[in-house]
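Next up: some structures, all given as structure tokens.
What follows is a pair of complexes built around chain A, which joins chain B in one and chain C in the other.
After this line comes the complex of A and B, so read on.
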């Protein structure tokens, strides 16, 4: 039964997805703001490739914001036409699902388990991941790379893990925030220690060689990217966009509206504040969950998906699908139903208000922004609940039944 | 309070100190105690809160026509400046309208074909020096084919190179009787006279497009599709030879009788879309003050001219109250509005424009012995067009959410939206309560005489969501199948005959097969029926609250139809009661199959011609939700 689930259901989902990629649906969702941002959109990638193939600097116009590495890959190895690109996306989906299953296996310390099929299905059939993938958003590739780097570090394949993360950080520099928990993961183990917190038993200095290795990979890849384009202009157009928000196209995140409404002379300060805010979570999470860095990484992905600059649905989607790797926290989740209902509201409101504003013209930007706030609440509720549950396990099961209460100080 | 608490010190400083220096464990303890008390009170009061929300929600619906809730209309966009408009339409133009009317009547009497009519009208346009043309179309519906010919003309703006346009339209068949009514001959005649007259003015900053569409809705749909390049599978259209700019505003003239006393506003579009309220408000102002024609909603004359017929059960002292008269009038308008909007049905050909982001409405001339005719109509149309012409940008986005209870009273979004939203919140509370009821059960088995009630404790039950979610999913797929059958030509043809009953029985009974595959539950599991009810109500609630922004009337109808029935679905110990209650739910879900064949036909017709999604929504969303509640009453607890 479990084997069939894995060998039948997963290929079936992938095949269905591929079929849908060629249907009209894919063309309908391709320009959707919720599924691909200017930094991940397929049509912009194609535009950049066209310019690149015709020896025009794609970074000169201020419309192309993908990494030069994607340019290099899609103009040589990977197909970028509308007919063949879906195969690449389905491949990356499969890689992501495979990596997630392996992360689960590594965490349980088993070679294979009955839940493998379920976990792969939860990754492939998650609508927040499925739809961006149908829209051919490059966030699918970013997610697959992050999952690959986690998988390799769970398997103690440090070089592969760091290379995957370095590549992922090239595509989206915020992925580098996951480096500290990943390094901790490399020097400890991926098994669940949530129930028995203990201080880190190995010296933190052991991470230094890995850190150096990561920066070496990163530097080499940066150099390659520069070789591809011939100058350094791409840096400000790709990574710079994450920090300076050059493009305020609406997306389901919290930044765009804030910065379209703001007076220009406040911009630098708030850009700094928003970016530093993201960075502040990294160290506390690593310290708190030093006994289970994989869990710290999971929470960090949830926070990034909620608060980062150009999120699409696939960022919170990655967090929600990764939740399946941590079944031990399920009994301690306090308000999963409320979170689910919030997500239901957000999932209905986001497309509706986007439509009212941009297609029907009866609403305005405030409508869509309101729905992104609902979405942020839903994501925040999910992260908070997981955080609570992750800490609550250590106290032990069912003490409530005996008249005891667990109180948060 | 805790007896170990220290006695309160006297001086303020000491009290403050004590407040901040409390031992830590005590604050935690008192906070916990506070939380527990709040939780206990809340769970005790929750049924009352739910009841209150339901009551307020339903009372709010009744309060919608109250004058106190409404507001007087006003003009938000300064650029419209209706006060500055002086129409110049004169008696000479009335004469030309009369001559055209004579010719049109001759065409009517000679039973001229669509082609002949359109040819005549476009010839007249060309004679006036406009860019006139005809457009053929064929509409293939499941059991009929309609074809016709539209005539239209573009009068290029003398000031700007045709980047924007306004449309003045008249359909060949008037809207009286929703398209079965009289020919709109006078509407067409005044349109021709206006074309001649308006072309002479040099002040137009937008192209004027005159459209005489054939049929009722079909002609205008064909013309708009061709103009905007929209593909529609069942509608074959000729392309338009004379393009013009982006259409911002449009008005359609419906003038079938000899004279009229009032002009009626019809503004509901396909799928409940409304035009910008500023457009209607400026028309109302211009018609009332500049044109001298009083304006009413729809064809509802005021109570002076049309003594209201109150139902006899309303007590006499209420009927004689002066304020009740206005309540009744507003209520009538609101009910009519909800009838159009909830069913996504356009109240005239203007309703087809909204989809292309064009604000449009119909001026409906209400038949009377007098006193108004072509003169007043021409002046009102000219004045309204001038107001539209004054616009420098599109009408503002904040003015699309309103409920017109009268020609010059309306409800803001904050005054009408709470009614369905309160009901949906009450449903959400019901759903969450049921969800926790399914998950927890009070175990009283350990209760003995010695230990007393303290021995009873809450134990958790496992809630199996997957089978319930699958059940819900399959009922919606079942709804899709129902829609597929109902929209076939076979069904529509045989609708009055014996087809409805088998379809009803089939679709109402097959969901029962769920019962056959449910297995016996272990005591540690939550009852499937309860879980289904919880998810069903929790799912219906956001549907209502979110639809309310898109189509208020539809959300309100859903709230009225689903609110109470879904919340009270319960399993009964006795089989006959269970069967009876399921039958009631089945009737509520699918009763329209049996009892409303004409309604079904019209809804499907609107779906086919204008993609009004009322019919699919009823089949795929509404009916399955009610059926789920019905199934929940049958599943064992």
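After this line comes the complex of A and C, so read on.
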């Protein structure tokens, strides 16, 4: 029964998605900045491909910010027309869902389980992931690559995992922040140890060969990218954008309005502060959850989705869909209703206020900005609650009886 | 022995005369062309040309050294100093207001009729100061000279489309020359620009044709614009041509029924005396080919169906007047007639939101032969092209081979504009429509002008027919207004505070959770009461 559910529901969702891709809906979402940022938009990719095919350097200007690797892939192997591209996106969605199901299986240490279909559905039917995929945002590819690298490291296929992550980091350099927990995952196991915290039993030095392997892949891919374009201009055009935020196109994140309104002489300082802030979470999470690096990785993805520079809906979407892999924390979530309502609130307000400001002209930028704040609160609340539950689990369920309370000292 | 002092004297005189450029002679010619248009309006073109015989542009490699001293009698010193300071080989500045209607007014005598300010110059390469540095200085100097915001023609506006803006004079062969072009469509032309313009003329506005440059009337015209052109002719010298064009409407008042005009009605002035230093001073009036009319006074001569008046010869005060016996037939003038130019242009930006838009350029070829044109867009970075959506259609059908030889320099956000150039071939008697999606940028709040909600003027596209004569006229499309999304200008502090609060709240909560241990405490219910 459950296996048929998996075999029927998943193809059905994929087919529906494909059907939607050819409907009017994909035209409506084509230029929507909440679904695809300037760094992941398909229109920009097509523009870059057009320039590339007409032997104009796409990186000479300032609007094309995709990796040269995507340029190479889409100008040769993958189709780039609006007719055939949806097939590629549905394929990457399927890969992402398959990887997530395999992560779940590896965490439970089973070959297949009754929840496989649910987990795949939670990934494929998550509106935060579905809509960017319909808009043909390349964040779908980035998410699939991150999930693939996690899946391979759960399965102890270190080279495949590191290669997938190196490729993902080429597309979006922030993905490299997930390298430390991924390396820990490679030297430990993906099973749940949240209930029984213990210090890391293996030497951290065992990660060093993997680290070297990652950098080797990364260097080779960087070199390939340079071969594609012929010079190094692409580095500042793609990765540099994450640091300089030249494009302040609205998105559901926190950076764009902050740096639209920022005084020019404070801009470098706050750019530095925001970037460093992102990096501060990596090491503490790895230390705290050294007994369960998969959980650390999950929390880190949630924080990146909340605080990164050019987020789209698909970044928090990846975190929310991954939540399904950790059912053991569900009983300990403190304010799941509040978080859900905040998300509902933000999900309704974001498109509404975006439309009122930019299309109707009846609202101003502050309305949309306010809803991005609500969205950040919703994402932050979800991450904080998961963090609390992941640590609270260790105390046990029956410890709050006879006048005993669990508190933090 | 007696000869010796004389020899000394001769040497002193000779030595003094060399740096004074005393050998250069200067010629001043002025010309006014008046053309009654078929819609009842009157096109007038003033042209004041000063030729510095034997002069040549300054060699850019000598810019670091002291320049030879400049002594002019007719040549404008203020402009001459700027030209020598920045080593300018050729310069064209125009400041216009209004939309030139090619269909009804035909080709203008001075081709630079794009709305707003347009400046382009050819500068020699080499020497201590770079071309861009001198271009910047030139902009600022001209801004000061003409009391205009030309310094805003900065690197956000500067392009180098050398195919469209070919030098009209000759360029010195000693160094390689580069073009710099910039336009500022929101710049206006007004009295404050005309006053310094008049000061550059040898007779100012006191005598000769320049008497007619009455700001009250000129800036009331339907279309008006002034131009400054500096050219170097290899065998002649440096020429400065100051021009003023205007389209006047004698029929503007509802009580006027005839298209009669005179100097008195157009300019509220007469020519009282001729400019004494002018070599030639001519007024040309295009005589209508059909209908009855009268012109007074009697022209000095008739040349190519144009009445020619020499202001030195005719009786003064001169109040040239044309009159028609019958009322002007508005119905006949407004009914559809063949356009006066072989090409009609239209450019629109359709937009449903502040995210993106749809740029459409329509070119209609009225000739019986197919024509090739060079199409140039110099778009500030605030509007970015999606070239992959470029579609050319002829009468509704997609025509792939209509666009060729695309050259494209993409924009750089917060600095360089886009330069897009392509050759379009338009079939005979048909309309070529070019459409393209564009995306609009989101600016930082300090980049918005004070009147941010007004929108941004985009510079005109320039069309140049290729199959005509060698020096084919440039055609300017009307400029368009783009509506960019604006942030709230009143709350930078609030945004900084709100965002930082949310981030620090989440950051604080997470590190609070991670750094503190979970413990079980016993609370005695009795004690707590």
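FYI, the second predicted complex is superposed on the first by the 406 of 409 C-alpha atoms of A that agree within 3 Å, B and C clash if a C-alpha of one lies under 4 Å from a C-alpha of the other, contacts with A are read in each partner's own complex, and residues count from 1 in each chain.
We adopt the following convention: a residue touches a chain if its C-beta (ideal position, glycine included) is under 8 Å from a C-beta of that chain, and two chains touch if they have at least 3 such contacts.
Here the structure is a predicted model, which means the values were calculated and not measured.
**Student:** Between chain B and chain C, whom does A:113 touch in the aligned arrangement: first, second, both, or neither?
**Tutor:** After superposing on A, A:113 lies clear of both chain B and chain C.
**Student:** Is A:405 in contact with chain B, with chain C, with both, or with neither (first, second, both, neither)?
**Tutor:** Both: A:405 reaches chain B and chain C.
**Student:** Name the contact category of A:75: first (chain B only), second (chain C only), both, or neither.
**Tutor:** After superposing on A, A:75 lies clear of both chain B and chain C.
**Student:** According to the stated criteria, A:226 is in contact with first (chain B), second (chain C), both, or neither; which is it?
**Tutor:** Touch partners of A:226: none, neither chain B nor chain C.
**Student:** In the superposed arrangement, which partner chain does A:345 touch: chain B (first), chain C (second), both, or neither?
**Tutor:** first
**Student:** With both complexes superposed on chain A, which partner does A:155 reach: first (chain B), second (chain C), both or neither?
**Tutor:** After superposition on chain A, A:155 lies in contact with neither partner.
**Student:** Could you look at A:337 and tell me whether it touches chain B, chain C, both or neither (first, second, both, neither)?
**Tutor:** In the superposition, A:337 contacts chain B only.
**Student:** Check whether A:362 is in contact with chain B, with chain C, with both or with neither, and answer first, second, both or neither.
**Tutor:** Only chain B; A:362 stays clear of chain C.
**Student:** Spot which of chain B and chain C makes contact with more residues of chain A, would you?
**Tutor:** C
**Student:** Across the two complexes, what residues of chain A are contacted by chain B and by chain C?
**Tutor:** Comparing the two interfaces on chain A, one with chain B and one with chain C, the shared residues are 357, 361, 364, 405, 407, 409.
**Student:** In the complex of these two chains, what residues of chain A are touching chain B?
**Tutor:** Per the touch definition, chain A meets chain B at residues 337-338, 341, 344-345, 348-349, 352-353, 356-357, 360-364, 401, 405, 407, 409.
**Student:** Can you check the complex and tell me which residues of chain B touch chain A?
**Tutor:** 28, 31-32, 273-274, 357, 394, 397-398, 400-401, 428, 432, 435, 457-458, 538-539, 542-543, 545-546, 549-550
**Student:** In the complex, go through chain A and note every residue touching chain C.
**Tutor:** Chain A residues touching chain C: 31, 33, 43, 46-47, 49-51, 54, 56, 58, 60-64, 246-250, 254, 256-264, 277, 280-281, 284-285, 288, 303, 306-307, 357-359, 361, 364-366, 369, 373, 376-377, 380, 383-384, 387-388, 391-392, 394-395, 399, 402-409.
**Student:** In the complex formed with chain A, which residues of chain C make contact?
**Tutor:** 352-356, 381, 384, 386-388, 406, 408-416, 418, 437, 439, 441-446, 485-488, 491-492, 495-496, 498-499, 502-503, 505-507, 509-514, 516-525
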